[in-house]
């Protein structure tokens, strides 16, 4: 089974046995997803860009936990919407290849900021 | 190769050939991640919970694209921090199993809201 | 002095005496602002829309604190960018009056969702 | 009338004549608030901290518009929850004075990151 499939099955089961599916409307899950992402943002908000590349062990451990939370809620949301994340990414990456031709955007912060 | 690994390799290559790695500090990537999540939130903000479960085709297509964007930035962030997402999720799910014992939290919105 | 001016002066002083202005780049402040908003989102994420209108005292007290935090960071950000919030709002409201003519958008979730 | 009161009255009227109050549950408004903040984050995501202090005219104009949107939704949310923002800020600032004594936190990124 693929990584994402495996997370989907486990997260679904985790919610099911706790009878938490009643709370997992897509609307609620997208809110929860945004809260978890903000917990990641909180870690980095006062760090310089350079500091953000050299986390100490404690901060790195927090970041790992928050990345996991974001991944789990993203998978739960996709599951409720019956979206295949791997297929969605493959399709979006093709669009992005066409939208940002290497020769036009290479190294350009300006074009990039429109990304 | 696992699907998360596959996304990591492709997203890394996508950034590299465009010389965009210079913008991809963890601090910047976490901001981009939060922006993509907000594009998901935007889709659901005025919908009822029930409506959020029955998207029309156009809205669903937008949601699929945004889910892909969130996944890609999460993978980029984890890549820059040298975090293995699948391992992070496995570890976090174990913690959550211990933290939310089924018999204590089952169906409880109150406990859940502290989740 | 107006409310917003008063908050600006106090928040500026609060940061200054703690020597925290060094952390208050617009980039960092906008991240902090998003984190505070997420703390508001967290309060509402598992509530139904109806429950969100009838908070208990404890939850309401949390919401009040978070609204204050959002307001303070918004004022700090505007201060660093030398933006007059009251003038910005007046100008934006005029734009919105023109963009959403009453007769066209009245009661329409569809138009509204494009808001 | 204070400026926050003035914004409240105008924003309430704006929603009322369009029959948009039906969409303005606190849950929905907090989502809209987070989306507007993300539009601010988007402006700053690829900028360095230094660049974020020196916006060009076009970018600054976008920032002003987004700051206005955030302010309006924050006022709408507070209105629906019957919260007086100015009073909430005054109360929170007193708490913060007590929580972050100048002599203990002065210039300290560490204490600050726990802010």
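Letters are used for the chains, namely A, B, C and D, taken in the order the chains are written, and counting of residues starts over at 1 for each.
Keep this in mind: contacts are C-beta pairs under 8 Å (C-beta built on N, C-alpha and C of every residue); 3 or more make two chains touch, one makes a residue touch a chain.
Please read all numbers here as calculations on a predicted model, not as lab measurements.
Of all residue numbers used where chain A meets chain C, over half belong to both copies. The two sides are thus made of the same residues.
Of the two chain pairs examined here, B-C and B-D, it is B-D that is joined by more C-beta pairs in contact.
The centroid of the Cα atoms in chain A and the matching centroid in chain B are 2 Å apart. Look at where the CA atoms of chain B average out and do the same for chain D: the two points lie 25 Å apart. Annotation for chain D: residues 23, 28, 31, 34, 37-38, 41, 44-49, 109, 112 touch two or more other chains.
On the side of chain C, the complex with chain D involves touching residues 2-4, 6-7, 10-11, 14, 17-20, 22-23, 25-28, 30-31, 33-34, 37-38, 40-41, 43-44, 47-50, 52-53, 55, 60, 63-65, 67-72, 74, 77-78, 80-81, 83, 85-86, 88-89, 91-93, 95-97, 100, 102, 105-107, 109, 112. Only residues 23, 28, 31-32, 34-35, 37-39, 41-42, 44-46 of chain A touch chain C when the two sit together in their complex.
Residue ranges on chain B touching chain C, taken from their complex, read 31, 34, 45-46, 48-49, 109, 112-113.
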